[in-house]
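Below, each structure is written out as structure tokens.
Look for chain A in each of the two complexes below; its partner is chain B in the first and chain C in the second.
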Partner chain A sequence: MMRLPNFRFVAPTSVHEAAELLTSSSGDAMLVAGGTDLLPNMKRRQQTPGTLVGLRHIAELRAISNGDGLTIGAGLTLADLVRTQKVRESYGALWQAAAQVATPQLRNMGTLGGNLCLDTRCNYYDQNYEWRKAIDFCMKKDGGTCWVAPSSTKCLAVSSTDTAPALLALGASITLVSANGSRRIALSDLYRNDGIHYLTRQPNEILTAVHLPESTGWRSAYWKLRRRGAFDFPVLSAAAAAKIAGDGTVESARIVLGAVSSRPIEVAPAASLLVGHALTDEAIARAADAAAQPSRPMDNTDFTLVWRKRMTRVFVTYALRELRGDDVRDLRRRVSRQELL
Partner chain B sequence: MVQITLTVNAEPVDAAFAPYKTLLEVLREDLNLCGTKHGCELGECGACAVLLDGQPVLSCLVLGVDCGGRTVTTVEGLASDGRLHPLQETFADLGAAQCGYCTPGFLVTAKALLDEHPRPTRDQIRDALSGNLCRCTGYQQIYEAVEAAIGQAGPKGPALRDTRTDASSVRRPGPFGPGTDQSR
Partner chain C sequence: MNIIGTPRRRVDGRAKVTGQTKFADDVMLPRMVHCKLLRASVPHARIVRIDASRAAAHPGVHLVLTGEDFPIPYGILPVSQDEHALARGIVRFVGDPVAAVIARDEQTAADALDLVVVEYEALRTFAGPADSLAHPTPRIHEYGDTGNIHKLVSLQFGDVEQALAGADRVFEDAFFYQGNTHLPIEQHAAVAARDPDGKLVLWSSTQTPHYVHRALAKTLAMPAAHIRVIATPNGGGFGGKSDPFNHEMVVAKAALVLDRPVKICLTREEVFYCHRGRHPVLMQFTTGVKNDGTITGMHVKTLLDGGAYGSYGVASTFYTGALQTVTYHIPAYKFQGCRVFTNKPPCGPKRGHGTPQSRFGQEIQLDKIAEALAQDPAELRLRIVEQPETLTANYLRVGTIGLSQCIRRVTRAADWSNTFRKLPHGRGVGLACSSYLSGAGLAIYWNDMPHSGVQLKIDRSGGVTAFCGATEIGQGSDDVLVACVAEVLGIDPLDIRPVTGDTDLTPVDLGSYSSRVTLMMGNAAIQAAERARDLLADAVSRKIGVPKDRLVFADRRVFDTEDGSKGVTFSEAVCLAEAAFGTIGTVGAYTPPKSAAKFKGGGVGPSPTYSYSAAIVEVDVDPDTGWTHVPRVWIAHDIGRSINPVLVRGQVEGSVYMALGEALMEEQIFRRLPPRLSGALVHKFPSMLEYKSPTTLDMPEVFTDLIENPDPRGPFGAKEVGQGPLLPVMPAIANAVYDAVGVRIDEVPITPEKILKALDAKAAGKAPRYGPAGFPEIPWPEPLRVAPPWAGGDGTADDKGLRAEGKGLNAESRTPKATSVPS
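The block that comes next holds the complex of A and B.
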């Protein structure tokens, strides 16, 4: 049986206090919100923080405010998000992504901020200590070699967050707070294509809120590939959002791929092919072909990489057909095991 | 050691334990409540599900030290006045428990569903239980047992009936069919 390693636990009641605690613990502290990502990692000794700063008692992290768009506290659970009517009505891709994370119990625990900062995943990394020791560890933790591609100088662990591709398609930004102040950045700037240093968040910063722009005229959708209808992380996902005029012409669009790289990939050239056109079968096919170009899944998750690469085009097509208003309920039931309407 | 006070199965409890223990370990090792099962310990099976402040969560991923003042319901807390919860009756009557290891997690998760949606559809039951793995039953009997408990497990105290009458009206599959549900 795997026990957690020892740690000191502190439970601040304000973001300010939490930021001070992070700064004063000399880089040895980690934040814990839902714990659904960090605690398994700690049991497997992938992370062994000396101090855990619990965020559960900070009410300001659970605020939702309207205004110019929507601001969502990073401490809201994924189940909270799924229950939020405004998210369901106006930010469909986020609602569909949150509703497909893991399982109902894990959605009652895991938070939006935690899902955005989810550790990158790999078959050679997400194993217990003894398993990893037996292969002399890997580059991401305690070792020097990337076992997915031994000649690689970079860790190839996979970005496995569901909400990030959806939020990138929706044009989200985030607020990061440290003891020195706060900064607001585009969500896209949070991520780096490096399995080890996959976030630009500094160790002393707390992700406090996600900001979504006004959604009038926009439609969005999120499609996730996984083996089972629950539990599994995405091994490919496609998020799409488009602002569509009354006559059906696309005025603006974003397409984002998840789980094919160490960060979510926005495919701007593919989205720009849609602008000025209606979402015809031909336009969708052109955009889906272009979107699949940068998809380079590695052989370190479920399913074969060739098939996952091939499915990229298919899943982008599904997302764009949903934006067009096609009845995708049967398809959803088959692919997602839920209608997600 | 850390010391906390929490409410377990409607009784206030003081617990002292090593600070790295999960709620699952505190329940089983320090409070001697072994009904909650230790499965994968990584959030991949649902065997350790309990209700925390009324919501189903995985106790293997909850820090014990962060449970002060909270309310926990385990499978031991489902029966009242010496009578089984209707879900426990229907699970037993309809073969929804075979080896039984996953059963406590299913029972508390199903109880939370019926507390929130007294008359769930089959799809709602399937979704609510999608975080609990069972390697024996093929799930069909579990869904049928939850359906048989509908109407008996209201949040305002169970109106107990003889579940055997209800059970006989539910289609019982034979040992090899109709086919198991492979949708999850």
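The block that comes next holds the complex of A and C.
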């Protein structure tokens, strides 16, 4: 079997202690929560930190609090997140996204924070050391070329988080804590469109919490394209949220695409087309056409890029129809292989 | 019968569900050290230099082996002895083993691999058949029919040209079946050690301990009697553990050198490199039919992408043309097959071995024929089903045929007459049929000996031990063994201890491949048990004064059929027999009947009898996206007789599962980097995450129906079930997609992208189809002509001269031949 490289493991019991450990470990420490992303990567020698700072013993990272909206500790497992009634009732897109991450076993270990910080993915990169050696490595790790597009000066690995597009559609912000203090930023500001430097998080910062605004009047949905009903990362996703007045008029909306770029893409022009209109077939079609514009899938995931690009419009349509209140159970059974209700 | 046909808990069930089954990787021995293989990082190259000195000096490293240590080649087929445990002078694909490091632990061995310096000189790479056909040099191997063509086959049974000319309609269609792999849950693992007396023991997750035994004796140049191979229960095989493997040779050699136990457990990536999976096959079917659907003649051409080594490939090539004739009557038949070498992991036998590819083409073409003739495809098939107890055009002797019942049962269950061509746009149903061997009629190497042997040790305690070389790979062969013995002796299956897959302890059984175990081991077991019963009956008859033929063995008793109170317990019967005859032990053996095919190449296809299946698949296809969902599958299987219906249903449902993967998503495919920048040719995604195989959420409802019509050749009438039920599902899906949206997808996997492309083509007024455009020119040899039985043939070739120079997998090649090839 593939073995983990040697590393030092520390298990702080508070965020403060964890932040101190990160700062004092001279840059070769990484955080590990569920380990479902990092540990396989370490076996493949994609990351080889000297120290792992474990977050599972920090109770405060698993806290959920309400008040003005909802604050979710980044250390909450995806399984616990799916079991949280308030999420299911008020933040449907997040619930649907979390419920579709990987498999039940991996959701029992993987955390919300881990999924938000998930390493970008690429068929040329998510391979073990020997395979990567056989292609003389790639830009993202140990090599100089991006084999997805050899003329590219930028790594094109794909943002593959399910929860980020959903949370962006829901208008989330996050808290980052370091030994020097903490800062709260819009979740959107966490991401960069660069497959290598895909997070603005500083190496000494810990993502501690996700903040969701009040959800009254909002509906949301998340649609994920993947080959199978479980296990797979998204190769396209569409998250949509809208505040809809009693007469059906959209007052405010957000549409976010996942897995078609190195970061989740919010397509504000498409969402703005919905504002002031009811979610008619025509309005949905206009918005879906606009939303598909910035979708630029590359040939580095499952499915062909041409088809994925074509599906963007379709998946945005699915999400908007669900917001409208269409009965999508049959569609869910066929596309998602589960009803997600 | 008390046991046969009754659903039962399998004999190895408790150990498996409680986690106590010992797989190869569970073998832990004192002083054991660990092995890792350095595999080639380039697809095709000469090895200029290997410097292993730094690795050998690395702390914790005990031994480094290279190709120098393995001068003798091996290979599963006598005609393809083209592998070395570690590469000698040349590497042929990314993943080809080059060196081995044995160290105190796995991590140390892995670290030391990086210290082995290998200097390569790159050679031209061959990514697919087009490359191999276009460039005869450099040759990937210095043997084979010509250039980079490994094998060319050309056989003709009857005058096919005339048969096609006499048809009302002739259909010509090309199909492509993409390669895929077995994906067993257990990665291959092996442990080798010296016995205290110096002999070698190998524990391995292999389906074929007997063949591994032979390969070890050959490559290590040791007497086979000094080697013991123990096949540990396999965590799935599906054909992927049927070859002798590099890692088995390496740990065996290392254990001999170090005199310490040596273990290897492959990574998942390495399992993708071992492969031996489904050959990618391009094929062309030319079929002549009368207006009523009767077939006048068929000409099949296949082109197989074999990968870097021979493996079972010669047999696979023949199999792509062997079984077309056993389902429907074909009066004249021509088959031409070609296998090429390429710089990819070797292909070999996967569930259905060479026949699913051509079955896919045949059953889709039949659907097209029915459509063109305006006939119902179920009724058309019923009209042309082959007659039972027949000799086919290519001299396969078929036994019972339950295919018509299979078709009738699935069409009734699926309400075919109200659904086919009657569902709304986007929904469809498709039907397809198939057949498979119940055991290959010939062994891998020519010999006159039995294919399976069973030995019984019967003890005065009332316990019975059943010894057989058969290998438990999850299919339930241990359970079949005890069930057959228990039925004859009238005891409980759990009273019997199976001892299997151990070349020291058990009589030879050729292995768990070709769906042979139930039929061959079962018949051997019945013979052994009947001989034991005879001894016991003699002794009991004398004791209680009841004639032998009135004695019944049931409920752990031996008693008078006319007076149940007169009798003894089974253990008393054993004591009586032991007192009368001495220690009780009996043997049984099974040898398949002689094949009627006496021509060169006639060794592939014959079987004691054949199973039959029919499947109907329902699909939902979204015409806007091509997205395909399979809600239901109906499948009927002609099992002859179920030994244990729980196992039979398990095999049918497992086949449906595997078939859905092959039909809809699985692909063993490769990526060539831009040649101006790189010479890399790599497996696209050797991982369980990116090699897409269905999950439980993707599984449809499966309605399984078993046709129980005992075949006298099978044990209690049983035929195979391990492979046949896979075959109809893939073409049934393709036919259902056509019923749903009116486009033909003439290749697997049937992906949404391909469906959408075909729908786009249809909308643009082009052929509503996605699939290969045609079949390339191949330098076929003159066909070997064999007159069919109804044309006065006797199973030999017309051209006696051609026969005489026959070699290879050949029913008549009794003469020993040089088995090694230059490398």
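Heads up, the rule we're going with is that the second predicted complex is superposed on the first by the 341 of 341 C-alpha atoms of A that agree within 3 Å, B and C clash if a C-alpha of one lies under 4 Å from a C-alpha of the other, contacts with A are read in each partner's own complex, and residues count from 1 in each chain.
Criterion: contacts are C-beta pairs under 8 Å (C-beta built on N, C-alpha and C of every residue); 3 or more make two chains touch, one makes a residue touch a chain.
Remember, it's a predicted structure, so these values are computed and weren't measured experimentally.
Of the two partner chains, chain C is the only one that A:145 touches; chain B does not reach it. Of the two partner chains placed by the overlay, chain B and chain C both lie in contact with A:228.
Within the superposed three-chain model, A:11 lies in touch with chain B and out of touch with chain C [touch as defined at top]. When the two structures are aligned on the shared chain, A:32 is found in touch with chain B, with no touch to chain C.
When the two structures are aligned on the shared chain, A:1 is found in touch with chain B and with chain C. Once the two complexes are overlaid on the shared chain, A:304 sits against chain C while remaining clear of chain B.
Once the two complexes are overlaid on the shared chain, A:133 sits against chain C while remaining clear of chain B. When the two structures are aligned on the shared chain, A:108 is found in touch with chain B, with no touch to chain C.
In the superposition on chain A, A:338 makes contact with both chain B and chain C.
Comparing which residues of chain A touch chain B with which touch chain C, the overlap comprises 1-3, 103, 228-231, 337-338. Residue ranges on chain C touching chain A, taken from their complex, read 39, 41-42, 94, 106-107, 110, 187, 265, 267, 269, 620, 622, 624-627, 629, 665, 671, 673-674, 677-678, 680, 682-687, 689-690, 692, 694-698, 751-753, 756.
Residue ranges on chain A touching chain C, taken from their complex, read 1-3, 103, 123, 126-128, 130-131, 133-136, 145, 147, 150, 227-232, 302-304, 306-307, 310-311, 314, 333-335, 337-338. Looking at the complex, you find that chain B touches chain A at residues 2, 19-22, 25, 38, 41-44, 46, 49, 55-58, 60-63, 65-66, 109, 127-128, 130-131, 183-184. Residues of chain A touching chain B in their complex: 1-9, 11, 32, 34-36, 39-40, 43-44, 52, 54, 56, 79, 102-106, 108-109, 228-231, 337-338.
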